[in-house]
């Protein structure tokens, strides 16, 4: 099973880039939640392509059609199915590539995995377009969580050597988290955003691409949510985050950096803030033993540079097994990390709905 | 469910640090596999404490008792249950801490999660001791995989600023991977190992601890194993790796570094090595689209410094909610990353058994 | 999660009776299977309503639209999503019932379960219409199984006191199993079918309904498939069969009858038929210890009479909590067991795909 | 996976009849539940063999050793592992049978399933002895449910033509349900029990065995628990009940009988009992659309006659594939249905804990 996620709050993604459409079935959504369709569409619009030159020129409105599970945008409690039709497909761009494996892409591994039967047009089920269903589901989850006082936000922390201001691990506010939702480019610091755009545009003009890091944070979570061992916050989040195409790393709090630290530096001292237990630093990213501390949940996700680039590359034809060269045509984002920002927020929201669902026992 | 992992090849861990024992039930192990008990015990001995000053002085032999699922060390196909008795417990060390939350540890979050009913002696179910069951299961899996030509090895890549030689992402051999299995300290480069020991001993004498990075690699995997979206190699590995106490980050191939790269640098060109498709670099860590390329599977895991340190720290008493200070007593590893090396190998072996099990469809 | 089934071969049903449509997502279908669309549509037509007076006069063609996972009716290996649009809905029939609980129906329990937010038009997600997605999935599975030499068939064994000829538990042939696929009424014995029609028509004219028993059989299964305890053939089949609305009992082989037998009567003696192990009787229904014997798999499913009847019944208004009477309007099958026949075949086919998927271990 | 059950409240059974022991791991048990060990042992004693001639003369005390998850019989919230050692094993009884397939038993199917590697002594993992772990888990669950006002009871409804008084589907009381817990033979009507004992003893003396039906009921369940489609009360109960060796049928409420009824007979009219919605009959067994009505949950389970009988039977040697005859030696219950009564209660209790766990959403 590649495309189902969750045990208590389940999503099932489907669709190929150039098929009829992509979509999602959400199971075990609580009944009676009023969803704001404008807010949902705004969230999906952040993932939609074609807004500027940092993303693919493929323009699609990504309007979801809800087939089941809601009446007048109120959840019924039964499975929600949403379909986003594919309207703007240029399959001819993929003719040449039908047998030349794009380096860094899943063309070759998908061919072996599915014995050549998978739909390769536009990357098929490996396409980032499949994240439209993820973002629909995540948008619904964000609204469910917001009603519980939980706010999720993400931003582009780094692109090809340029860094945005990081979230304050202790004092980040919901307002800061919501900043990127209304920005044309998902950074906290507008100047950093401008520098990133320059890097991305430089890569684009050079028929190349760049990678990035997305930092995500959730505030408003109670302490005591999650579990030790395999159902911890980190396990569940990473297992869904690596489902976003191009993600190659996930770290929580200080993450890899803390490998160079002493325990006395890394440990977050507890203190009482009135009647609430808090920590004065938050190197653990809001998670100890797989369970929330009540401090901001903070993690970073590394995204590799878009693999589809126009530059000539060495590769092989996976049908004839002959070596060849390839310049990838088609419309591709020069930096997938930009549109990955709402995807990371969506994955976080879905994972938190799962974790909160499982937090209630008998 | 905190302590079950896997869908096709399932493990269920149990036990507390100072209870009767810890252990594991493994379900869906193939029938008829001959397990070499000496090799299994040697593997478990790598995790066992008390060997030198880099680990806790708690000495336990960690001899597993197999209650079911094997006859004369041949798997029956039915569930295998193994129990490792707890023999050397000093619960009195934990008296003071019974209500002072160790900074960086799960004392406080566990208290909230289990409303104070969890067994806190020795960290209870949050203790690294629970990994004895994980390592038993991983040792069985390593032998199953070895019969299929798959070799797994890991080493301490970094400890508090000191780096070991990294695995060659393209040309690493099974021999290199097996090096640490027979070393007294798990590095490839003995000199780097000595420097790490110095760092760890320095921290220990200073009542402090240090973090580290474990690099792990598997060779011999066929191409085409895994799935896109949520059942990919990266999703499954990270979801089990974050179950090892103290893990705060997981990255594959170039990982976070590739966020600063261009696509043309990061993409791994394909070429034909005789009749085999290979890549001339391996920045993707052997995984594209969640599916193996057939090149070495390569990932790194960040471990925070041991949270239990003797240095005085500010904290709170989680019963009275009063602020206090704490010097942690008890026997603790000054660097959990050392004994985490076999745990990472074990988690990798279990995950690969799951992935290979699910690779067979109808 | 109400509407997902399966661990290795997963289906996720969605839809409400009077919403946009109903459908299914199938995950982990093997790649490269050629599906015959005519055969699939014929199978779905057996479930479709409106064919004669034994079923609801609601006429719908039930044409599935495949959104993903197939190209030219060849499976891609990626998730298949099929949607069957709702075209012929009379929601006004349900006005009166909006608050009067139909006795025997899920109106009241659904109201409590979903706090009144579920879509009640046409029974919503509780409607037998949701089985259209089940039958699509089952139709695909039947074709997958047929390519492996496995044939599934079912018939109406009993309706309101009238019995059809039972399948021969030992010597039933694929030809017999396929008989009902081409009949206008799903019995083996046409005369029995006529008598059942009479009973059903009598009930219909009397504003009443009747129950029935569906007998189902699969031949061609190898011995040794399934597992002891909870992943046995009986566990998996019953867990999906009870998902068909109105099912109240499931029994295998001699079933409840064997409770009155001696062991020496019930045990099926083994013998050698050339080089094949067979049993001379088949009271176990082809399953011992949860595992197939290689003999025909045989089970029966009891369906209660349609709960929606025109006769006046005592009930309560579940909003005002006042007692009232109700004559159910709307278009309802006077005997759900008739159209349940292909549903039972579909459920059997899906369960067998799951079982065969899980039969392959490492 | 054969031996794990549950999604939110999980059990993992292990053990073979003549191995070291049998047992269970329970995951996601709520923290802080005080378990009465005497009550638990009394419940387990009802399953233990050797009490009189209706069961196997193999005498074992079945004392569970709790390895984890409880302190002073209070649940910690972490996994509970209990082991019941095997102390009284006569493996020599199984020498002859090592290659003669017992008709009606899983010897042959287990041999094929596990390629001959399974432990066949005493039936191995197929032995009813494995239900000791199920009954331990069920005993814990019964106590958890009792604290919520839910009472479960079962009795032998029928043995070889003799019937006990059935539970009153509408008015059954907790007191009636608890009757069999303190009886030496599990019937409501002592006279019926005596007649059953006569039938069982007659079969035993004749080297034969008899089947039976166990009726089980739970009262105190709230309305609105469960789900439509695949996570309904009937689906979950049947999926665990068929895990009890020898179970061949499960039916709810009127079950198979309602197939002969009219809707107007079968539908249960709703009425108001003060402020509570009730039904005046309970043919649905307390479940509509997979969801509880709040009336008693009522179901019956058919158990085939013990397959291991002393009478000479025709069979085959599954290694040499030669036909032979077999008189089964060893100590076997002449009627497994007797000791299945607490097993059915245990399965019901575990299933209800799962259902109640999943009833809490976000």
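Here the chain labels run A, B, C and D in written order, and each chain numbers its own residues starting at 1.
The criterion applied here is as follows: a contact is a pair of C-beta atoms (placed from the backbone, for glycine too) under 8 Å apart; a residue touches a chain by one contact, two chains touch by 3 or more.
As the structure is a computational prediction, the values presented were derived from the model and not from experiment.
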item	value
Chain of greatest Cα-centre distance to subunit C	B
Chain centre separation (subunit A, subunit B; CA means) in Å	26
Approximate Å spacing (C-alpha centroids) for the pair subunit A, subunit D	46
Sites on subunit C at which at least two other chains make contact	1-4, 7-8, 13, 28, 78, 113, 125, 228, 358
Chain contact topology (line, ring, star, complete or other)	complete
Residue ranges of subunit B in contact with subunit D within the complex	1-4, 8, 10, 12-16, 19-23, 25, 27-28, 31-32, 65-69, 71, 74-81, 83, 113-119, 124-125
Residues on subunit D engaged by subunit C in the complex (per definition of touch)	1-5, 7, 13, 101-106, 108-110, 112-113, 125-126, 130, 158-161, 203, 208-213, 223-232, 234-236, 238-240, 242-243, 245, 247-256, 258-272, 275, 277, 279-280, 283-285, 287-293, 300, 302-309, 311, 313-316, 318, 321-323, 337, 358
Interface residues, subunit A side, partner subunit D - complex	7-9, 28, 30, 78, 144, 148, 228, 353, 356-358, 360-362
